[in-house]
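Just below sit the structures, each encoded as C-alpha cells.
Consider the two complexes below, in which chain A is the common component and chain B and chain C are the respective partners.
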Partner chain A sequence: MANTQLLGLFEEPQKVADAMGELKSAGFPVEDLDIYSGSPFPEGAFGEHEAEHRLFMFPLVGALIGFAIGLLWTAGTQISYPLITGGKPILSIPPMTIIMYENTMLGAILFTVLGVLFESRLPKRDLGLYDERITEGFIGLYVDCPEERASAAESVLASNGAEEIKKA
Partner chain B sequence: MYYRRTLTEAQINQQLLGTVLTTPLWWIVLFSILGIVVAGTVGVVGWMFNQGLGVTGLRQPVFWGFFITNFIFWVGISHAGVMISAILRLSQAEWRRPMVRAAETMTVFALMASLTMPLVHAGRPWRIFYWVFPYDWARGIWPDVRSPLVWDPIAITTYLTSSILFVYTALIPDLAIIRDRSTGWRKSVYGVLALGWHGNPRQWKIQGFAGILLSALILPVFVSVHSIVSWDFSVSLVPSWHVTIFAPYFVIGAVLSGVSAVVTLMIVMRKLYKLENFIWEEHIDALARLLIVVAMAWMFLFWLDLVFALWLKEEQEITVWNLRMFEPPWSWLFFIFFMFSYVIPVSLWMFRSVRRSFTWMLWTSLLVNVGMFLERFLIIVPALMRKGPQTFTYATYRPSPVEFIIIFGTIALVCFLLLVFSKFFPLIPLWEEKEGQLLMDEVKVGNVYVPAMVKEH
Partner chain C sequence: MAHEEHAIPQVPTHQEVASDIMARFQDVNRRYWSWLSLLALLFAGGIVGFVIRLSDGFDDRSNWGYYTATLSFLASTFLAMPIISAGLRLAKANWRRPLTRLTENMAITGVLIWLMLIPSLIALPATEGRLSVWFDFPHWMAFRGGNLMVWGTVVLIGLMLLWLLALPDLAAVRDHMPTSPRGKIAKALSFGWTGNVRQWRVLHSGALLLGAFYLLLYPTLQTLLQADFQAGLLPGMKDAIAPVTALINALQGAVGMTLVVMYVMRRFGGYERYFGIDQFWALSKPLLAFSLLWFYFWWGSFITFWYGRQPGETELIRFIVLDSYRYPLMASFLLNFIGPVVALIWNPVRRSIWGPTIVGAGVLVGALINHIRWYVAPFSVPDPPAGESWPHVLQQIPAGQLPEVADILIIIGGISGSVLLFMLINKIIPVVSMWEVGEGLRLVKVRRFLARYAMVIAKSH
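After this line comes the complex of A and B, so read on.
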C-alpha cells in the first residue's frame, strides 16, 4: 500500500517537540519523521533522529588525492624534459612541496564540499511536500506513514497545535 | 556591551532581501556609473595591448611598477575576508554574523581583480598560458615548477576556488529563502542553486560542521598564498627583497589592509543597504581593536625588515633603504605611507569614540589602504631603481595615465562585482542572523538586563 506524507506547520518549537514525542509514542518510526526549519535549532531540540555522518573522512581522501596529483604533476613535468636549470637537481624537492601543498589543500577543500552535498543528501530535484512559510519562521513536522495511519498522525499534529496540515 | 535587537524571521528576510527582491534607484545609478568606468578601463587595457607596454611608465631598470603593486595590493585585500570569517567561525565569535558573507565575497572579487593584473602586466596576455601549459607539447617541455611565477597562479587559483566554494556552501540555506520568496524564472534559478534545501536537522548539522571544517582548511591556504606572493620577491637576488622575514611580513600586512577593507565595506553597506539593525557600533569597535593588534604586529615585522637590512651593513641594502626613506620623491611617499598606514589610524583607534564612530572608522580604514598601496609600491620600485654595476640604461619610473586609469578601474571593478552580487544574493547571511536571534536571550543581573548567548557543546 502506498505511503502518505503529511506536513504539519507550527509556530512554536515546543509544540513541534511535543508532537514529535507523541508520534514516537504512537509507534511512528523516528526515521520516518523529519523537521524542516528556516534556521538551525540546537541538536535534539525536537527529539529528532540523530544523523550519523562521515564528513570528516572526505577532506582526508581529498587531501591524499590532491597530494598524489601534485606529486605526479611536479615530478612528471620535470622528468618529461630533464633540463638542468641553474645547476639545480632535476627533481627539486623544496619548490615541489609548494605545489604539492596547494594541491593537497585544494583536494581537501573540494572533497569537503562534495562531502557536504553528499551528507546533506543534496542536490534533490523535487522538494516534495514543503511549504514556503518554513523559511519565514514556521517549523514543519514531516511524517511519512502508511495510508491507514495517516489519520492518526494528522490528529496528533492537529492536537498539538499545527497551524496547517498539508497532505500528499 | 551588545544590545539586543529582537527581530522575527520575517523581518530579517524583509530587511536583508531588500535589494535582492526589489531594485532601488540608487542601485541602478551606481551600477551604471561603475559599469561605465569598468567598460572604459577595459577599453584602455585593450588600447595598451594594441600599442604595447611603451605607453606605461615601465622603463629599464624598473619593469615592475603599478600593475604588480596593484596585484599584491588586491591579493592582500583578499586575505582578511576569509581570515576573519574563518577565525571567527572557528572561535564561534557571536559578532561574526553580519560580516562573514561580505568579507568572504570581497575575498573572491579582490582575488579576481588581482588575477587581472599579471594579465595586464604581461602586455601580451595570451602568453600567460605558458605559465600553465607546456611550451612545447611534442617534446613535453613544461613550465619550470622551480619558478615562483608558476607557484603564484597555482596558489591563487587554489585560494580563489576554495573561497568561492566557501561562500557557496554557506549561501545554500539563504538561496532556499530567496527561492521561497521569488516567482517565475527567478524561482526556478534559485531553486536550482538551492539544490533542493529543506532545512532538516541533518542538513543544518552538516552545514555547521562544514563551516568549521572549511574554515580550518582555508586558513592554511590563506597563509600560504601571501607567503608565496612574498617569495616572488624574496627568492630573487634584488637587494631589500632577498630577506627571510618577507613571508610573515606580507601576510600580516595583507591582514592589516584586508581587515581595513572589511571595515570600509561594512560601513558603506550599512549606509547603502540600511543595515542599522545588523551592523552596530560594537561590530566596528571589535574590528578596530583587532586592527590595533594587527597593525602593531605588522609594524614589528616592518621594523625587523629594516633592522635585518641595516645589521648586515651591505652597501646595496643600505642604498635601497636610503632611497626609500631619505631621497625625494620616495621619502615623501614613505612619510605618507608611514603616517597613513600606522601612525594616524592606530593613534586614533586608541579612542573608544573613534572606534565607535562610523565616519571616523570609514576614513581611517581608507587611509590604511592608501598607505598599504604605497607600502607595496615602495617595496618594489626603489629596489629596482638602484643603480647597480650592470645598469647600462637608466630611467626613473613614473606611472603613466594609462596605469592610473587601470588602477582606479580595478577598484571600480571590485565595487561593481560586489554591487552585482548584492543584487542576486544577500550580503549578510540570513540564516546566521536567525540563529543568532534564536540563541540570544537576556539575563537579569541586579538591576540590569545583560544580553546572553546560549551555546551548544
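After this line comes the complex of A and C, so read on.
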C-alpha cells in the first residue's frame, strides 16, 4: 500500500519536540520522521533521527586522486622530456611539491563539494511536501507513514498545535 | 555578558530577523544605483588605465609595477576575507554570525583578481638564469600555470564556500521572491534546498571542511605572490619569513577591510542591529594582534639583512628600506603598526564602533602603500643583459617610481571593480546570513543575574 506524507507546520520549537515524542511513542519509526527548518537546531534537539553521512570520505578520496594526478603530471612530463641541467636529478622535487599540493587540494575541494551535494541529496527539482514559511522561521515536522496510520499522525500533529498540516 | 544600563536585553526572534533581512535585501533603492553607477565608472577608468598599459606592451616591466601592487593589495585584503569566516567558524565564535556572510560574499572579487593575475604573469621574465621557487621547471608549466592553478583554486574554494553556505538563504529568496529575476536566479542556485536534518548536518561539516581548505591554500597563494612577484625579481632577496610576513599582513588587511565594510553597511545599508559593538570590539582584538605582528615580522626580516652586511643585503636595504622607498615604508610603519597599536591599546577606542573603523581604514591605506613598496620596487629592477644570469647584488639602485595617470586609474579601478562585484552579489545573496543569525539567536537566553540582566549564550555542540 502507498505511503502518505504529512507536514505539520509549527511556530514553537517546543511543540515540535512534543509532537515528535508523541509520534515516537505511538510507534512511528524515527527514521520516517524529519524536521524542516530555516536554520539549524542543535543535533538531537527534537529527539529526531540523526542521519549518518560519509562526507568526510569524499575529500580523502579527492585528495588521493588529486595527489596522484599531480605526481603523474609533474614526474611524467619531466621523465618524458629528460633535460639534465648541471648534473642535477631529472625530477625537481621542490617545484613538484607545489603542483602536487595544489592538485591534492583541488581534488579534495571538488570532491567535498560533490560530497555535500550527494549527501544532501541535492539538486532536487521537486521540493516535495514543503512550505515557504519554513524559511521564515516556521518548523516543519514531516511524517512518512502507511496510509492507514495517516489520520493518527495527523491527530498527533494537530493536538500539539500545528498551525497547518499538509498532505501528499 | 552583562548589560550596562541594567535594562532587559531584547533578543529578536528568527522570524523577525528573517523578515528584516529580506526587506533590506529586496530594497534596491536610488542610492544603491547611484553607488553602483559611480563604481562602474571608476572601474571603466581602471580598464582605460589597463588598456594604456597594454598598448605599451610587456617589454618594460616597470610599467606593470603599480598594476601588480594593486593585484597584490586586492588579493591581500578582499580575497583574504573568507579566512575570517572560516577561522571564526572553526573557533565557534558566536559573535561572528552577522559578519560571516559579508566576508564570504567578498569571495566573488576573486574572479576579477584571477583575471588581473594574467597580465602580471605575462610581465614576469622567464625563470631561466634567476633564482626562483620553480628552479628550472619549464616556465609555462611552472610559474604561469602553477600560479593560475593555485590562485584559481583559492578563488574556487571561496566561491564554493560562499555558495554552499548561502544555500539556505538562497532558498529563502526563492520562497519569497518567486517571480522576480533575482528570485529565479536564487531558485536555480538553491538546488532545491529544503532544510531537513540531513542537509543541515552535511552543510555544517562541508562548511568546516571548505573553510579549512581555504585556510590551508591561501598561504600558498601568498607564498607564490611573494616568491614570484617580489623575491624572484630582487637580486639579493633571501628572506625565509617573507611569505609569512605577507600572510600576516594579509590577515591584518582582511580584518581592516571587514571593519570598514561593516561600518559602511551599518551606516548606509541599515544593518546597524547586526553589526554592533560586539562585532567591532571583538575584531579590534585580532587587529591589534596583527598590528603587533606586522612589526615583529618586519623587524625579523630587517635585522637579518642589517647584520648580514653582505653586498646583496646592504644594497637591498638601501633600495626598499632606507633610500628609494623610505617614505612608503615610513607611511606603512605609521599606519600598520604605530597608529593601530597606540589607538587600540585604549579600551574606549577598542570598545567602540568608530575606533576600530578608523584604525581599519588607516590599515588599508598603509597596506596599499606597503604593497606599492613591495611590488613596484622589484618590477623597476631591469633585466640583466641578454645571455647573462641574474646577479645576486643590485647593480644599480633604481629610484623610487611614482605612479602615472594610468597607474592611478588602475589602482582606483581595481578597488572599485572589487567593491562593485561585492555590491552586485549582495543583491543575489543576502549580506547577512539569516540562518546563521537565526541559529545563534536560539542559543541566547536572557537571565536575571543578581541586580541586573545577563545574556547567556549556550554552546551548540
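The rule is short, and it goes like this: the second predicted complex is superposed on the first by the 163 of 168 C-alpha atoms of A that agree within 3 Å, B and C clash if a C-alpha of one lies under 4 Å from a C-alpha of the other, contacts with A are read in each partner's own complex, and residues count from 1 in each chain.
Everything that follows uses one rule, which is that contacts are C-beta pairs under 8 Å (C-beta built on N, C-alpha and C of every residue); 3 or more make two chains touch, one makes a residue touch a chain.
Keep in mind that this is a model prediction, so the values were computed, not measured.
Q: For the combined arrangement obtained by superposing on chain A, do chain B and chain C clash, or do they fit?
A: Superposition result for chain B and chain C: clash.
Q: Identify the partner contact of A:36: answer first if only chain B is touched, second if only chain C is, both if each is, neither if none is.
A: Both partners, chain B and chain C.
Q: In the superposed arrangement, does A:127 touch chain B (first), chain C (second), both or neither?
A: Both partners, chain B and chain C.
Q: Check the residue A:152 against both partner chains and state whether it touches chain B (first), chain C (second), both, or neither.
A: In the superposition, A:152 touches no partner, neither chain B nor chain C.
Q: Between chain B and chain C, which residues of chain A are contacted by each of them?
A: Touching chain B and chain C on chain A: residues 34-43, 48-49, 51, 53, 55-56, 59, 77, 83, 85, 92, 95, 98-99, 101-103, 105-106, 108-109, 112-113, 116-117, 119-127, 130, 132, 134-137, 142.
Q: In the complex, go through chain B and note every residue touching chain A.
A: Going by the criterion above, the answer is residues 8-10, 13, 134, 139-147, 150-151, 154-155, 158, 161-162, 165-166, 168-169, 172-173, 176-177, 180-181, 191, 195-210, 213-214, 217-218, 220-221, 224, 228, 431, 434-435, 437-439, 454, 456.
Q: Going by the contact rule set out above, which residues of chain A touch chain C in the complex?
A: Chain A residues touching chain C: 13, 34-43, 48-51, 53, 55-56, 59, 77, 83, 85, 92, 94-95, 98-99, 101-103, 105-106, 108-109, 112-113, 115-117, 119-128, 130, 132, 134-137, 142.
Q: Spell out the part of chain C that touches chain A in their complex, as residue ranges.
A: The contact residues of chain C facing chain A are 13-15, 18-19, 133-138, 141-142, 146, 149-150, 153, 156-157, 160, 164, 167-168, 171-172, 175-176, 191-206, 209-210, 213, 216-217, 220, 224, 434-439, 442-443, 460-461.
Q: For the complex, which residues does chain A have touching chain B?
A: Interface residues on the chain A side: 34-43, 46, 48-49, 51, 53, 55-56, 59, 73-74, 77-78, 80-81, 83, 85, 88, 92, 95-96, 98-99, 101-103, 105-106, 108-110, 112-113, 116-117, 119-127, 130, 132, 134-137, 142.
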